[in-house]
Amino acid sequence: MALIIDLNIQFTEMFLVLLLSPLLTGWVRKVKARLLRRQGPSVWQPYRDLARLLKKEVVLAENASWLFRVAPYLIFAATWVAAALVPTFATGLLFSWCADLIALAALVGSARFFLALAGLDVGTGFGGIGSSREVMIASLAEPATLMIFFSLALIAGSTQLSTIAGFMQTPEVGLRVSLAMALVAMLMVAIAENARIPVDNPATHLELTMVHEAMVLEYSGRHLAMIELAASLKLLMYLSLVGCVFVPWGLSPVGGGLARHLLAAGLYVGKLAVGGVLLALFETSIAKMRVFRVPEFLGAALMLSLLGVLLLFVTRSF
Amino acid sequence: MTPVDIGLGSVVLLLALVPVGIVGGRRAAATPLLYTAAALISLLALANALGALLQAGEPSVIVLPLGLPWLGGHFRLDAVSAFFLAVINLGGVAASIYALGYGRHEQAPHRVLPFYPAFLAAMNLVLMADDAFAFLLCWELMSLASWGLVMAHHHHHDNARAGFIYLMMASFGTLSLLLAFGLMAGAEGDYAFAAIRAAGHSPGVAALALGLALLGTGSKAGLVPVHVWLPLAHPAAPSHVSALMSGVMTKVAVYGFVRIVFDLLGTTTWWGAMVVLALGGVTAVMGVLYALVQNDLKRLLAYSSVENVGIIFIGLGLALAFRTNAMPWAAALALTAAMLHVFNHSLFKSLLFFGAGAVLTATGRRDMEELGGLIHRMPKTSFAFLVGSVAISALPPLNGFVSEWMTFQAVLLSPSLPQWGLKVLIPAVGCLLALAAALAAACFVRAFGIAFLGRPRSQAAAEAAEVDGFSLAAMFGLALLCLLAGILPGLVIDSLAPVATILVHDRMPEQLGIPWLSIVPIAASRSSYNGLLVFLFIIMSSSLAAFVIHRLASKAVRRGPAWDCGTPDADPATQYSAGGFSQPLRRVFGTFVFLARERVHMPQPGDARPAVFHVRLLDPVWSAVYGRLGRAVDLTAGRFNKFQTLTIRGYLSLVFLSLVTLLTGLAIWL
Amino acid sequence: MNPLAYPAVPAILGIPVAAAVLMAVLPGYRLTARINVLASLATFLSALSLFVLNREEAGTYVLVDDLNVVFIVLNTLVGFTTSVFSASYIAHELETGRLTPVYLRFYHAMYQTLMFGMNLALMANNIGVMWVAIELATLTTVLMVGIYRTPEALEAAWKYFILGSVGIALALFGTILVYMAAQPVVGEGPPAMVWTVLLKNAAEFDPALLNLAFVFLLFGYGTKVGLAPLHAWLPDAHAEGPTPISAVLSGLLLNVALYAVLRFKMLLAANPRAIAPGMLMILLGLLSLTFAAFMLYRRNDIKRLFAYSSIEHMGIITFAFGMGGPLANFAGLLHMTMHSLTKSAIFFAVGHITQVKGTQKIGDIRGLTESHPLLGWGLVIGVIAIAGLPPLGIFTSEFLVVTSTFARSPLLAMPLVTGILVAFGALLLRLNGMAFGVPSGSKAPVEASIVPLYFHLALVCIAGLYLPAPLVAWFQHVARLLG
Amino acid sequence: MQHGLNYDVAHMLAGGLVLVSFMMLYQVRLSSLLRVFAAHAVVLALSVAWQAYVQGAPHLFVTAAIALLFKALVIPVALNRIIVRLGIYREIETVFGIGLAMLVGMGLVALSMALMLRVTAEATPLAREDLAFALSVVLLGLMMMVTRRNAVSQVVAFMSLENGLILAAAGAQGMPLVVEISVAFSVLIAFIVIGIFLFRIRERFDTVNVQALDSFRGERS
């Protein structure tokens, strides 16, 4: 019985993130538009976009290979699996043990790996520019992510996300410099990973500045839908991650009742909404930077996260 | 028949193939005959090794009347040897099968066939040697045999140079090991490993021996800064040999290190572990950075081996740190991670070299700037290479990820260490490891993306054809193993238990009993990973998505010209090149790692000359150490050379002066 | 007749003399070359019988003991194989007109005289006789080095002669000093120069005199060994003489001279109050090694290259004996044996290579493994062997030298290892150019017997993997004697 | 008393040999060098003869005779012919100044004295002195070889070195005849070979200057 409930929760979470993610994207867009004094599209617009894309036929470049066609599904799957493993409103997910924080980072890496390959597949200049920049960004963002996870893991004594989230709710945590550094670094990385301003601009098609959009330039129809969905999922995942680690309050523990779960889910949506607003605020208040400033930005994140790890030993010896 | 008998028996069989190679080298029939035999013998040795590993009985010992009566001839097969033997012979089987196809295109088979079985035999022997003399003898034999293979295509000046540097470094390594053994055996030394193991070593001796062992085995494994030969020599050999050298021979070097430091040396100091860790970290990052800027596919793979060796040494350094501080369970984790990576790397690096060899066979090109679009012409090879690329990039659910994940888990245990140096260093090394992993992914996106995807950049690439069945069989076999090792790592981890028990006197918890075949290095609440489920989830959710969409939405496909923001250009030169792809990373890291300098010569408008872009990359290690060393030797040789052209009187004066000096010395001293 | 009564010692000494006389008289190079081979074979077989026969008691002049028996066998063996090589080598020289039949007769007679001199030196029980014998051997080689009469050959011979003579003089002075040291103890007259008597009474000799004597002997015989500041004759003599002579020089004469040094070192070792001669030998050894290692780099004459390599190895051997102790002495003895076999093999290969390619310039020799696989690979194996790589014999001895040295005094091992590595680099560099790459010059098949070459290499290879127990026991015994 | 006289005479003769060695060092002309060398040989012969008398070893008289005949007469005459024929008898051929050479020679004598007297404490005084002087002669001879540029003078220097050896051999009491024979033997061979070489060298170079030989030194890379 317990298994079934757990299974239920797991699947609820899985589909919750899948369903919520376009909404979050739409929400951020909406807020940004309002901040720019525009009306902006409806928050539901992403759903409509996806539906339209799914129905359309795919226009494939003549020399696109099988990899080009398989990649969207793989990217989507990897991202979805990663997102499903992050506790959104409840800890103690059934399958959370099958991959920990490190695996999470690696799953995101897998998705990116295939995305970058897909960008190179057709053999166009733009695809290449996107892939090349993407791997450059990733090569700094990934170690930063891992370092952040290290801080968390060292503090909580575990790389299991559920355990960490549980630990973060206990008073043992206290206020730590390391955590603050990790949070800042985490935000920086999340911005870079999700191709947000100032690292990348999700809305641009200006040739020389785009990264993510350049990679997916050749995609159309359902393939593009998959990739868009994966991008939304990724944004959601990062927000959930920040939420469950840094503001874990309200997560329902293992064996919590239905009401508790519902409350937690509501709280979660609230967290996402706040996160979305903050993201939009940040994005509108800053200008996109040159591509070669990005390494410095991410380098700072990496240094910050490493410093966070090292400071752990100073503030509290184990 | 004990395992060591069978192991030596297979070595004898392999050695018996050498005369066959010498005599029949130029005949067409010799190639399939020899490689079939080599594959079968390796298979036998593999089975034997696996048997010995899984049974985990007492080590079997044999003493042969080799060398001198009190020196040499000891052979022994314990779990550590058995594990490495399994790795080696697995590589041997794969390479031999691959060579059944690849070897047909060999232009100078008489320069490959005699050395190939000798190389395999020597590697087997190193792993079974049980005294310093036999060990070094086989070690050098291995170097020599592989040197012969590197020199197979000796008409290229680069290959000859590679051979020279290789053998020089090999000799350097051997001499270091010689010194290490001399130190460990003592003045009137007994060189048998049993005696060395039994003798206690003072901390000073142990530290020095550790350093020498690190130099000696590191120079074979490709540890920075003694890696310089590796990216030259590995690509120079025929591809199946490159696979063996990169995938397997570096593991023999790791074995040497493990055997000396963990097994023979006994005690080590914690700062010894720091040295290993630091070198490992630097090696990992430097290796992958070098790999990132290579245009030669095989050289890229060779540099990537340097990176992976670095990762292995990080694991070993961690194990050393934990072992020194009496944390055997943690040491077992770190060591198992390193051993797992040894196994994994041998799989995917062989696979990738086979792929590169297949590309070489099909197109005759190694330069990525002349490849591209091979996924259409060689779909099977491409698929196998892709699997290898994913695996080596440490992406789940393939095997490369598992070992790196375990290494990270070991890194996370560092707070329990008492020494501040280690506490601070290990997370920093962890950071380097993470960086290396990320860069490796970038590197293989580039390798696969440029060589196999896009449009062909040369006529040869456009006309490539899929390679033969043997080559494909070898590649797919390894690819399958990569997947299996990735989703069922518990199997490998459990079979590594006796190895860890011998080396660090503890083992990781039993993994096979854990539900769902997860791996749990320490405790379930701490960390766990399940490759099988991750694999299934990804497969299921992607198939589900594909199925649902195809079923419910649309499955229509139309082929058209590439969009490319509306400006498609048919010229393949408009694609991103290998050099262009790595340019951002080169900019980020290159200026201080490679002392990279870019020079652009842009003609004035109206000038018809092409623009020229020139990149200069320097290997800092080469220019800082080897270049200077070479110049110093040259300078000294020049100075000394004056003595060749003295007059007879000059020579007599030398005699006279030295005699008078000596007599004066004697007069004073007496 | 009792086979054990075979007069081995007179045979070993007599056959070469008889052959030398015979060949000086007889015309026709084919015949003399054959006689040369036969005589060498007979000498070798006689030497082999020393293993089987009961040894006679040491006489006043001649002695066969553990220390020299293997040297004698080695000497006659290499003498024999070299004579086989020489037969095919000289035939070619005659064809190309570098030598005339008259000179050839002279050459063969000198060859046997040289063999006699070396055998006598090895068997001498009298330090005076030993001195005479070594001088005889030196003088014959001087004549043979100059046999081509080119300016270079004459110059090399002249240099050899002058430096050799100074060596002769110094060694004689040392010999006199040894006599002086022995005389108060043993009494005047012949016994004071008999080696066995000296050794028996060495403990009571005046140590200071012995020390001084050793300095002179080391310098005197060290000149013949080719130790570093005294080496100058060696490269040129190797390069300009006929190649069989280079082989004999490197393979045997250096050994014989070193053997003489060892004899005297034993005297010192037997005297507890004498200085340990070790440090001096270590110093000279390291100097030779380092010097030769760097000299190897700028060589462009193939024979001179390997001559320097001989200096290098003599350095290593002297170093090993200088270190002393059973292990290092053992290694030194082994190294001597292996070096003789290997270096002569290399010179066999080099001889044919220079004949085939018509040049001694390293730069003009390329791609041997392709144009002449047997010779080329022979050279490769030889160089690998001489560089101390397994499975060839020198590896074993270098293994022992390096390990035992490092355990005892790490600081000494450093220059040793550096020298070995530097030398290896030079040899490999040259080998790379000669054996590999696009072939140059004539691709005509070799009209030569490569049997001696591969015979030596096979011996070296077998010795690297397996040494018969009696041989090892003998080496160990002698190593202990050497102290 | 008898012993004292023996000692004094031997001492004087051996010292004389060293003195003559110095005189050789002083010569700058080949012809005069040859004359001094003849004197050297004469002194040697006297010294050896005295030793023979003192030690009661008649075979040493043979050695003395050989020295007198061969080195004092035959060889100087032969060499003189050569240098006359080559027209080089006036040649000045030292490397560094006479004064410096003398100074260094002094140092060498001092060295050999210091060494020998200390080393041979147990030998008879006669032998000690003899050996010390012999070593001086040997070293001086060697130095002369080093400081002369001309082949003939090098040969002469070498022979003076051998004279020192013979002095040492004769001084060693009861040293078997073997040694003398060998010395004579080696000198003979040495001379023959040198003769051959000089002949050939002259044939090719018209000079016996060693520097001319040097121009053919091995390889120059």
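Note that the chains are named A, B, C and D in the order they appear, and that numbering of residues resets to 1 at the start of each chain.
The definition used in the following text is that contacts are C-beta pairs under 8 Å (C-beta built on N, C-alpha and C of every residue); 3 or more make two chains touch, one makes a residue touch a chain.
This structure is a prediction, so every number in the text was calculated from the model and none was measured.
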Contact pairs, highest-scoring chain pair: A-B
Chain whose mean Cα position lies farthest from chain C: A
Euclidean distance of C-alpha centroids - chain A vs chain D, Å: 98
Geometric centre distance via CA averages, chain D-chain C, whole Å: 31
Approximate Å spacing (C-alpha centroids) for the pair chain B, chain C: 43
Chain centre separation in whole Å, for chain C relative to chain A (CA means): 77
Junction residues of chain B - those touching two or more other chains: 641, 644, 646, 648, 652, 655, 659, 663, 666, 670
Multi-partner residues of chain D (at least 2 other chains): 115, 118-119, 142, 145, 154, 213-214, 217-219, 221
Pairwise chain contacts, counting only pairs that touch as defined: A-B, B-C, B-D, C-D
Contact set on chain D toward chain B in their complex: 95, 108, 111-112, 114-115, 118-119, 139, 142-143, 145-146, 148-149, 154, 210-211, 213-214, 217-221
List of chain C residues in touch with chain D within their complex: 126, 128-129, 131-132, 135, 139, 142-143, 146, 149, 151-152, 154-158, 161-162, 165-166, 168-170, 172-173, 175-177, 179-180, 183-184, 187-190, 192-193, 206, 208-209, 211-212, 235-236, 239-240, 298-301, 304
In the complex, chain A residues that touch chain B: 54-63, 65-67, 73-74, 76-78, 80-81, 84, 95, 97-100, 102-103, 106-107, 109-110, 112-113, 116-117, 119-129, 131-133, 135-136, 138-143, 146-147, 150, 153-154, 157-160, 163, 205, 207, 217-218, 221-222, 225-226, 291-292, 295, 302, 306, 309-310, 312-313, 318
Interface residues, chain B side, partner chain C - complex: 65-69, 71, 132-133, 136-138, 140-141, 143-144, 151, 154-155, 157, 160, 163-164, 167-168, 171-172, 175, 178-179, 181-183, 185-189, 191, 208, 633-634, 636-641, 643-644, 646, 648, 651-652, 654-655, 657-659, 662-663, 666, 670
In the complex with chain D, residue positions of chain B that touch it: 641, 644-649, 652-653, 655-656, 659-660, 663-664, 666-667, 670
